[in-house]
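Contents: one structure, followed by commentary.
Letters A, B and C mark the chains as written, and numbering starts fresh at 1 in each.
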Amino acid sequence: MINLQPTFREPMSAIQIDEHGRLRHLLTLENLGRAHIDALLDRAAALRATVRAGSALPPLLAGRTVVNLFFEPSTRTRTSFELAARRLGALVVNFDIGSSSTSKGESLEDTLATLEAMDSDAFVVRHKENGTPARLAAHARRAAILNAGDGNHAHPTQGLLDLLTIRDRKGRIDGLKVAICGDVKHSRVARSDIHGLAALDAAEIRLCGPAALLPAQEDVPGCRITSDFDAALDAADVVIMLRIQKERIEHLPGFDEAEYFARYGLTRARLARARPDAVVMHPGPINRGIEIAPDVADGTQSVILDQVANGIFVRMAVLAELLQR
Amino acid sequence: MINLQPTFREPMSAIQIDEHGRLRHLLTLENLGRAHIDALLDRAAALRATVRAGSALPPLLAGRTVVNLFFEPSTRTRTSFELAARRLGALVVNFDIGSSSTSKGESLEDTLATLEAMDSDAFVVRHKENGTPARLAAHARRAAILNAGDGNHAHPTQGLLDLLTIRDRKGRIDGLKVAICGDVKHSRVARSDIHGLAALDAAEIRLCGPAALLPAQEDVPGCRITSDFDAALDAADVVIMLRIQKERIEHLPGFDEAEYFARYGLTRARLARARPDAVVMHPGPINRGIEIAPDVADGTQSVILDQVANGIFVRMAVLAELLQR
Amino acid sequence: MINLQPTFREPMSAIQIDEHGRLRHLLTLENLGRAHIDALLDRAAALRATVRAGSALPPLLAGRTVVNLFFEPSTRTRTSFELAARRLGALVVNFDIGSSSTSKGESLEDTLATLEAMDSDAFVVRHKENGTPARLAAHARRAAILNAGDGNHAHPTQGLLDLLTIRDRKGRIDGLKVAICGDVKHSRVARSDIHGLAALDAAEIRLCGPAALLPAQEDVPGCRITSDFDAALDAADVVIMLRIQKERIEHLPGFDEAEYFARYGLTRARLARARPDAVVMHPGPINRGIEIAPDVADGTQSVILDQVANGIFVRMAVLAELLQR
């Protein structure tokens, strides 16, 4: 079993689970617990089965209003949430931050209160500061808050869609060896993956990257930390490659794309060190030739587009769970 | 009874009411008349009752297309109109001015004609110039024009939602003493409130603010104008605080936020001068600590979030009235 | 019969028609063939008849997702596609290029693959580079690509709506004399009009403008090229005026708006040279007083707003054709 340190002093699990043990917000996978995670994955898989069978989706969110509050640009995640909500019948509003009251000096809490007063049922929040979704959840009167990525803290729906994708291919999470490679230190995706994998009893989580991009061991006590990419890949069942965010990396003295690819880029030769049936994952958008070779990204072991497809169903499941009457 | 001077030489009442006395556009509350106002408020209250009873709203706008034409940024009002229209079944298009033909030199009238040719049924217009919605109404062939705020001229749906909010709490408008405080001179909200309150026989309208931010007496002949905030609040039934628009105010020589708050900020001590059951209103977004103290904004006499909620229903009522076949 | 040179070495007809002869993408009218064009125009006219009869449109696109991928700003065309798709029941997503993954360095092909993995059924693409929609069509796994304008290459739905508008007024295309005037060289509208008119056996296509804005004869071998506006208009059945794109024209040494209007602006006097029942067309947005006189744009021979109205129905027809199961 993997032991992890809490990210925040006051655990968000107290905010996101109500007194009846039901999910009220989705802020983090940390301390969410296996039962909640399994229920969400099962629901996502059931919705997917409906679509794949050519059946119409049930209008689970008819009459509901979902507001996308994206303070950081993200078309991919925003579109995934929007499609998930609208395909279940919700009315979705994309709040335009640039021309909004918050840009006129209104506090985020007042913006939330205003939009709640318009009978909004859920807010999908992305923000560059850790804890913003939790701060909004603490102020919400009735609406559910969904964290769509806050700072380097958490991206729980990405964690869930990664779990679903692994479970599809491997039949289980428990006992698997998972390598997470790249800028682990600044990655909210990595953090949510770690919490989800630990909850579902992955055997080993290996975090790999240049020393400057790795978290401190005390922050991820159950994980193996290494700068040796070959060791991280050795007999791995799952390889999760992270996106190098150029805007963050170019501050590193002496960072060089070609050199990074040579040391930490996933090539076919490198991938041969993992188990032959290992799956290759990436949260996207991918930098071809920086963290991953094009033929690996497009290869038979890659499940990158499955991740995207599962993202819709996981977000449907979370919205349906949070907004059921 | 309060007497008011007409704002424009040619009254817009001639444009917004058709030859059968029916509402064709909503440009201003000036000369709209009690019967029309009461009908809209009643319809808004009925739609609200439907929602509060947990019933589904009737698809009054199914098959109709509403275009949001916002030449000034406003997420709050645009979202309110969008939700109102979509919850009644309309298809809503947010016209992106920045990438539009008008930015390529097309006249506003040609943009209107083009969008009307696409079978648009209503245009919700916000523009910094007084009279733009009226100008468009004069050119519309079939579509209804809704003024969502033009310059410092009018914001009729804000006026209506303020009337509904007051009527809810006080049971009536007639006989009430209403104080409107802040930058009255440049406020389209104040102007529409004044016209609406006068039409529904408010007993007294007091306009209060620094001399530089007050209208000339001849423009608002029936109102009491004062720079004495305490006098304005004395035994008032309703206190409407206006937003200080920093971009406008900072041109004033010697304007100081703390000094403004000391003289014209609504605190609990100040509010005690009004009637004990007085309601506190604000069109939002609020500047906490400039025109209103946080504990008053969040206090039991504040109906600010009721205003927001009523905004949806008032806009539904106006759209339903204008687009009924 | 008008003979035309192929625009690209490898004809797009091979991409846009599947092995059963069915339309799979709409990239260009070049080599599309009369049967396909007539079928689309008939379908558009039938959908229009439904709406004009006051009947509800069939939800032909219910459960389908259409993504607007506009890499060039265009509110007019984007809105037309959006309304067409939504009125037939599709869910439409406007992909915000500015905040998208492509702006983070993702390849266009990866963006397409990602959005396809979210179960998108069609992509409406506008791009400044010739051939971008074809490039995407070559990579699409299942989704249909609709060209909404690429560089100066093609704008096939504009071509179709122009054909429908002419057919409405003239009862036919074959045998007609059509003048296309303005910046023909850089116009994708002109190119698609030429291909469509040629396919439907127009008698004569005359291309007119300043020498610098005319294509080479070998590129449009079946067309008559002239800089003599009066000659181009002589006994014409149809006059298509093109928009002068100021950003492109101001690079021309010595370009002067007044001089252009004097030589190539369509005035009533000029129009008198065409047949008395000639129709005047323009793809919009119009520059009043540059390429067309206001009284001609608004006159009885102008069908400019009919073009706009037909645009919706033509786009419905294309979407319905491409997305029928």
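Following the convention adopted for this analysis, contacts are C-beta pairs under 8 Å (C-beta built on N, C-alpha and C of every residue); 3 or more make two chains touch, one makes a residue touch a chain.
The model shown is predicted, which means the values in this text are computed figures rather than measured ones.
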Quiz item: If you take the chains that touch subunit A and keep only those that also touch subunit C, what is left?
Solution: B
Quiz item: Looking at where subunit B touches subunit C, is over half of the residue numbers used by both copies, so same, or under half, so different?
Solution: different
Quiz item: To lay subunit A over its twin subunit B by CA atoms, how big a turn is needed, in degrees to the nearest 5?
Solution: 120
Practice problem: Could you please state the distance in Å, as a whole number, between where the Cα atoms of subunit B are centred and where those of subunit C are centred? | Solution: 42
Practice problem: Return the residues of subunit A touching two or more other chains; collapse runs of consecutive numbers into ranges. | Solution: none
Exercise. Over in the complex, which subunit A residues touch subunit C? Could you list them?
Key: 51, 56, 73-76, 79-80, 82-83, 86-87, 246, 284-288, 305-306, 308-309, 311-312
Exercise. Can you check the complex and tell me which residues of subunit B touch subunit C?
Key: 63, 65, 91, 93, 95-96, 98-101, 103-107, 110-111, 113-115, 117-119
